[in-house]
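Data block below; observations after.
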Amino acid sequence: MALNVLMFYILSAVIVIFSVLTITSRRILRAAFYLLCVLVATAGFYFMVDYQFMAGVQLVLYAGGIVVLIIFSILLTSHISHKFAKPEAMRLVMGLIVGVSGFALSTIAILQFAFKETENAAIKVDMQAIGTQLLGTGKNGYALPFEVISVLLLAAMIGAIVVAKKGK
Amino acid sequence: MESNSFFLMRNELILVGIAMILLVAEIFTKPEKKNGIITLAAVLFGLATVANFFPVPEGTLFGGSFITNPMTVFMKSVLNIGVFIVFLQSVTWLRKEENHGKISEYFILVISTLIGMNFMISSGDFLMMYIGLELATIPIAALAAFEKFHEKSAEAGIKLILTSALSSGILLYGLSFIYGTTGSIYFVDIVDKISSNPLQTFGLVFFVAGMAFKISLVPFHLWTADVYEGAPINITAYLSVVSKGAAAFTFMIILFRVFSAVTEIWQPLLYTLAVATMTVGNLFAIRQNNMKRFLAFSSIAQAGFILLGIMQGGELGMTTVVYFMLIYVFTNLAAFGVVSAISEATGKENITDYNSLYKTNPKLSLIMLLAMFSLAGIPPVAGFFGKFFLFTAAGAKGYYILVLIAVLNATVSLYYYLRVVKAMLIDKSDEPIGTFKTPWAMRASLLICVAGIFVIGFASAIYEYISSISFGIN
Amino acid sequence: MNILNLFVIIPVLTVLGIMFVKDYKGARMTAAIGMSLQLVAALVMTLMYFAERKAGASGEFLFYTDITWFKTLNIHYTVGVDSIAVWMICLASIVVFAGIFASWEVQYLSREFYISLILLATGVFGFFISLDLFTMFLFYELAVIPMYLLIGIWGSGPKEYSAMKLTLMLMGGSALLVVGLLGLYFNSSAAGPVTFNLLELSKINFPMAMQRFFFPFLFVGFGILGALFPLHTWSPDGHSSAPTAVSMLHAGVLMKLGGYGCLRVAMFLLPEAANEMAWIFLILTTISIVYGAFGAIWQKDLKYINAYSSVSHCGLVLFALLMMNKTAINGAVLQMISHGLMTALFFALIGMIYGRTHTRNVPEMGGLMAVIPFLGVSYVIAGLASLGLPGLSGFIAEMTVFVGAFAHTDTFHRVITIIATMSIVITAVYILRVVGQLLLGPLREKEYLEFPDARWYERLSLVVLILPIAIIGIYPAFLSGTLADAIVPIVERLTAML
Amino acid sequence: MIEGIPMTHVLIVSAFMFFAGICGFIIRRNMITILMSIELILNAVNINLVVFNKYLYPDQLQGQFFALFVVGIAAAEASVAIALIINIYRRLNSINVEQVNEMKY
Amino acid sequence: MNYSYTILILLIPIAAFLFNGLLGMKFKPIVSGLVGTIGLGIVFLLSWYTAWQYFFVGGMVDGEFPKIIAMSMDWLQFTDKLTIRMGIMLDPISVMMLVVVSSVSFMVHIYSLGYMKGEKGFERFYSFLSLFSFSMLGLVVATNIFQMYVFWELVGISSFLLIGFYYQKPSAVAASKKAFIVTRFADLGFLIGILLLSFFTQTFDFTTLTGADHSIFESGAAKSFMGMSVFTWACLLIFMGGAGKSAMFPFHIWLPDAMEGPTPVSALIHAATMVVAGVFLVARMFPVFFFQAPDALEVIAYVGGFTSLFAAIIACTQYDIKRVLAFSTLSQIGYMILALGVSGYEGHEGVGYMASMFHLFTHAFFKALLFLGAGAIIHAVHSNVMQDMGGLRKYMPITHITFLIACLTISGVPFLSAFFSKDEILVAAFHHNKLLFAVEYLVAGITAFYMFRLYFSIFWGKDTQYHHTPHEAPKVMTIPLMILAIGSIFAGYVPFAKLITADGRPFESHIDFAIAIPSVLIGLVGIGLAMLMYRKETHIPERISIALGGFYKTVYNKFYIDEIYLFITKKIIFNYISRPVAWFDRHIVDGTMNGIGWITLTSAKKIKGLQSGYLPQYGMVFALAAVVFVLIFAFLVR
């Protein structure tokens, strides 16, 4: 077995195990840690497919930003030692049914579909290409989404401030 | 790319401009003069609304990411009108002491969500659509929790953000399959690569589910009532009219543009959703006592009717849907306006509080009566035309049974709309809501609504205009 | 300008006028003036119509006007009348006119009352003049909805319940109608663009499968308003709770919309299906006729009695229509007019009696004839008209129906005709029972002696209704003979396949 | 480095992650864990997008950019959500969803 | 011949009705009385003039009396062929009826001036009387069967109004209602009969129906229903109508009760005119019956015979004088009906028809006389029960004499009018059906018995002490009595066989002494028995009634027919049909409608759990729905 394949399966195993742990762990900080592991493993994937920029964003924004945010909020709102009660059986069963059946269906759908490999040559993914496209205004240029998402971030910021601001 | 092609994005740019002006104004306004921002925002927005009525050439920008045509421009105008009315209706509310510090934030958030909706409507690829969708959702969650000292408001905010995140996750998962099987996020590239294989259907269904969340179609509607009840009334009005209208329009346009090859899949899917939505919406609406919650379920049921038009899939369908939404904006905002006026004046929001309202506030009651009749689809008010044409659209496709179910549901809906009428005109009350004077802004907004309710039905020119700019699958 | 537009314009102007008056006196005066003008307009229109016919006007509908409304949907504002519609408009004008005077004393929210009443009337008039199914349907719904307010606000007894039931059931009926109308609309494309125009539709021979599917929708949809068994139950409750003028208008005119619609839309446009399915509905209408009459016997509330009686009589209308020959349809139209007048008279009287005794429970009253002879005699006249006494309109109508119905060649139609004729005996039973208990016999309460007899407006209202009943009864030819121009094309279309 | 790794396997892993997230949303009661479940969901979507891009359509970077924007939006969403959670916590002193259902039926 | 003036015969009464009904209250009561009476007087003169002109000036054409349509106008067109025309037809029987109706009616009008004097509603009484006269006259001159039905109904309603004249008296109200409903029920048969007949013959007109051309019956002759031809059915149903109006068994129950009306009304309507409408109807349709439905004719004969016996027996036990007279009327009409039933058509064969009409004619006089006399008595003693009377001959000589004449007449004493007419009936019955003949013989005896029972109880018998001394009625009442007495003596000398026959051709008739003598004898026996029992106060009647026991009680209670009716109406129709229908309507039909509403509301309640307010559950539903839709649309529905 090739190294990269082995690595893929290791990463897969990490993702599978830790995502299960994330949703089952009864201690919230641990859950956050498991989530971080999943996200980092995902970043590993991105490295494997040569999308370093993506992987970097994943690590910085996701693992670094969001998870930290989550951990902060956990610290703000929960006791570290607090252990959750076990989920209700009924809810657990329903969750499992939805999860398992959804997973089964998507797997079947994926396996059934005959994906066609492309004949087009791969584009070179470097920072320059990414930068050009991000500011491109034609097809496959992402200037417009880029601008709009800035409005979104501004609005989210204002919104978060309005909501979280203390006092009258 | 020429500079005047930005003219195609006129409305979005104006809105961003307004948002910026307000942001600046917020910084340079003294705290005791914050109320001036209300007037500023209303005037600016009114101008923007008027400006958008000027004709615009058709065209695309950013390599197909942004599409504009008379229909999208018209839809944006409809949304602008809705938002303008909402602004007028929220004047009193904003002047309250507790909201004093959040006036400009309110406007900025609303306008930014409106920008999101505008991009959503004009989107030419899934990325723009998704970003627009999120932009139209995330700030609303903050708005829903705007009265953050009310527990209900906070609850509304959290429920909205978490469920909407889930829904956008599901939507995205569907979109990822669409991208994976077609190789593009651009609508024009996708359209001829769609077939009815399981994976693409999977993607389609998840996409529909995500959109159904926004339009609050049953069974993806559960957040609606809670959020509508908890959010400030004006936000609820905004959610139920503008946000829903934009999402429905986008949903329709994408189904037409992208999934035109698989109508045999999404039509039965919408059929099911329509039946479920109308029925469940009605059943829940029957037993509500809180006016906002009641209107929430009523608007769920109304969304079911919109699907009838979408399913038609042709010019007729689009015309009827847009026409209905136009009517719906005026009708529902009239209802919310009255609820808002009463709530601001007395704090009462229950149907039973409205007993004998006609005795003390006859004008408000009459407006409410008209709104209820229009929602129920009773002639001669516009709602009748809107509903009948939606039925016509479904009939054109041969869905007579669906039409029957829909009309029967309309009959059931009449029951609860009449409950409100009954409360106001028939039921006696020991402590009726006292007579109060409605502020001028509210009056103006209600006047606009009433004019709309009466005129749009009879003025066939409006329908003809919509018909002339609409397009179908083919 | 087309005279028919007056029938929409006058009510709308009247409504606007009422909005600007101050008190109840002004409101009722405005309403009375408006509806008097309406009555005059109806009579003038009738005269003009028959003058034009005499002058050789040969169109199926006269005063035909066609204005495009929704161009892309090919929806028009099309008006025109044939002789059936002319007489129905006359009927409606008379009943509305009488209704205004019968409710002269309404003071609680009187402006709103008259506005609702006249809106209802607008719906009725609009319905009869419309030739475009869309506008027809619009007016139909317009006529139904004010009922809710009228019953709910000014009614008595379990008014909210009754009003709600009535509204929902009638709206359920219009649900069926929507489907039927859309079916007609979309299947009309064979001859050109899809259309709601009745005249255009009547030139199309729809395929059988389509007819079979849509006929029940249309017939039942209109039939609910025509109190088709078993969908008649809105009628007893609705009528009993409604205020006087509303009962009058509803039983007198609105229920006729059902019969008219069944004829003009369901049967006329889908003749083959009508022929094929007639037997089902004939059975139902026969049940209506007998069942309504038997139901009336047991009732004690005056309005319930009359409501069941209406079920029976309106059943006769549908029954006659389904017989599908000239005589029977002629009879059906006569019965609509006759029943409209006499049931309006009944309800007016019941309202007036109730206004004095404050009860409608028959066993609690007695001997009223001695104290209020004018009302008493009018009630007897109404009763006699209802039980089909010659010389009053009921006889003319019923006999025409029976002769027409009996003209069918197969045993089934004959047998149900005979069953239907039995209703005239049962009618006599309950009418006389009520007359006996209510008006005759010894005076029941001393305080009855203080009752005033009919006041001027009450007399006016009653006389306006009694006169046509008597005129039709004594000289039926002026009415019965004039319907041919409308009925012949319908019958020809209905029997074309046979 | 993707030789020998079947695309479908990656997709299945991401599907697993996705439905684990869904399942987490359903069975968890703490709002923050629900938020984490959502992050799992979005992450799964990103994997899909990137993998499709790499395996099937490497001539353009649509999937990757899509995923980038999803990350950005997820961040915005998370920040607002956390603000709201904190707000709730201030009001109710709890972030258990069971406590947050004053409005129902 | 110009008969167009006959329209006045109808117009004058209706004008009087409208005048009295609408304006009567505005004038003094007597004005109404005079208007009515004078109007009827003119009608009376016109009728006699018409009769004279018809029989003796116009005379026969081709050996028979023609049917003359004096006027006719279209009234209501059903189909091209079937049109109701309103018109006036003159033929022997209608002219005869005109005479009878107008005469009796005129007498009653005069009489009522005295009898009803001072009554509340005097003008109402006269307006109703005029209405009745109009309807009855319209009925007899009807040119077609539907016109007859129209007036038939009007007669019914006039009768209803007059019986219920004392509308504050519950028994009067009940009686009027009963009369109307029973006859209405019978009229239903009439109507259906008309429908049947007119459908197959495509005509309503009597001239066509009873004309010589029988081809119109061909279309229906072959058709039969339940073993009888359609025309038999039609005729039986039409006769049902006649039986209702003429109070034949089993529709007789309304007539005794109808005596609740003022006595002049009983004389006019329930003795002389309206109740013979059934006879008139059968006579009018006689050719149809005879040629198309001989079976029906047979039924008619038996119905007539049975009723006459049945009513006569009951009459023997009643104490209310008006009721006795009512049963006597029943009995006599039974005679007439029977006579029609046993009649032939041509020449002497048609003696039954002639006799029936003859008896109708004479009966009108003596029965009106009896009733008016009874009225005078009631007027005097303020009671109509026999036990309250006795020895009245001293106080009321004129009434006594005229009453006696009438009793003698009805008993068939020779050379009084009924002797001739009854004899002809017996002849006809003898030739046709011996059983019925025997019955009628018996009835003749019983008739004599109960009439004299009545007579003796009133005018002889015990000397009753009266609160107020009875006194003779005023002139305005006695004069009509005397006129009618003259009529009942001499009416028998009208040569009926020359004027009114089934085929319109005169024939020779003579008294058949072999039949007449025994019938006279049996009448005398009856009179004798009555004299024995009731001339002086004796215990014989009481003892006989005790001896007969249950039978007497049964008869006294009119064979409990009323109770059976009551059972059927109150129990069956009200309790077992109407009440369940009402229940069914409220609970099942309406219950279903309410049930739909209930289901909607309940299901609304049941599904509220969906909206639990619980966030994970929302997500669960959301995801589950998405997955299920994928399952359905991606995999199941392909």
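Note that the chains take the letters A, B, C, D and E in the order they are written out, and that residue 1 is the start of every chain.
Definition applied: contacts are C-beta pairs under 8 Å (C-beta built on N, C-alpha and C of every residue); 3 or more make two chains touch, one makes a residue touch a chain.
Everything quoted here is computed from the prediction, not taken from an experiment.
Traced through touching neighbours, the fewest hops from subunit A to subunit C number 2. Contact with subunit A and subunit E alike is made by B, D.
Common neighbours of subunit C and subunit E (chains touching each): B.
When every chain is reduced to the mean of its CA atoms, the largest separation from subunit D belongs to E. Across B-E and A-D, the chain pair carrying more C-beta contacts is A-D.
The most central chain, judged by C-alpha centres against the centre of all protein C-alpha atoms, is C.
Seen from the Cα centre of subunit B, the chain whose own Cα centre is farthest off is E. The geometric centre of subunit A is 31 Å away from that of subunit B, both derived from CA atoms. With each centre defined as the average position of its C-alpha atoms, the distance from subunit C to subunit D rounds to 64 Å.
Subunit D has its Cα centroid 27 Å from the Cα centroid of subunit B. Taking each chain's centre as the mean of its C-alpha atoms, subunit D lies 96 Å from subunit E. Residue positions of subunit E touching 2 or more other chains: 608, 611, 613, 615-617, 619-620, 623, 626, 630, 634-635. Residue numbers of subunit C whose C-beta contacts span two or more other chains: 168. Within subunit D, residues 11, 18, 21-22, 25-29, 31, 34-35, 51, 56-57, 60, 62, 65, 69, 73, 76-77, 80, 83-85, 87, 100-105 each touch two or more of the remaining chains.
Here the chains touching each other pair up as A-B, A-D, A-E, B-C, B-D, B-E, C-E, D-E. Chain contact summary for the complex, subunit A toward subunit E: residues 91, 94-95, 97-98, 101-102, 105, 108-109.
Only residues 1, 16, 19, 61-66, 98, 101-102, 105, 108-109, 112-113, 115-116, 119, 127-128, 131-132, 134-135, 138-139, 141-143, 145-146, 148, 157, 177, 180-181, 183, 186, 197-202 of subunit B touch subunit A when the two sit together in their complex. Interface residues of subunit E, counted against subunit A in their complex, comprise 616-617, 620, 623-624, 626-627, 630-631, 634-635.
Per the touch definition, subunit C reaches subunit B in the complex via residues 69-73, 75, 134, 137-139, 141-142, 145, 148-149, 152-153, 159-160, 164, 167-168, 171-172, 174-176, 178-179, 182-183, 185-186, 213, 217.
Put simply, subunit A touches subunit B in their complex at residues 105-106, 108-110, 112-113, 115, 118, 136-145, 148-149, 151-152, 154-156, 158-163, 168.
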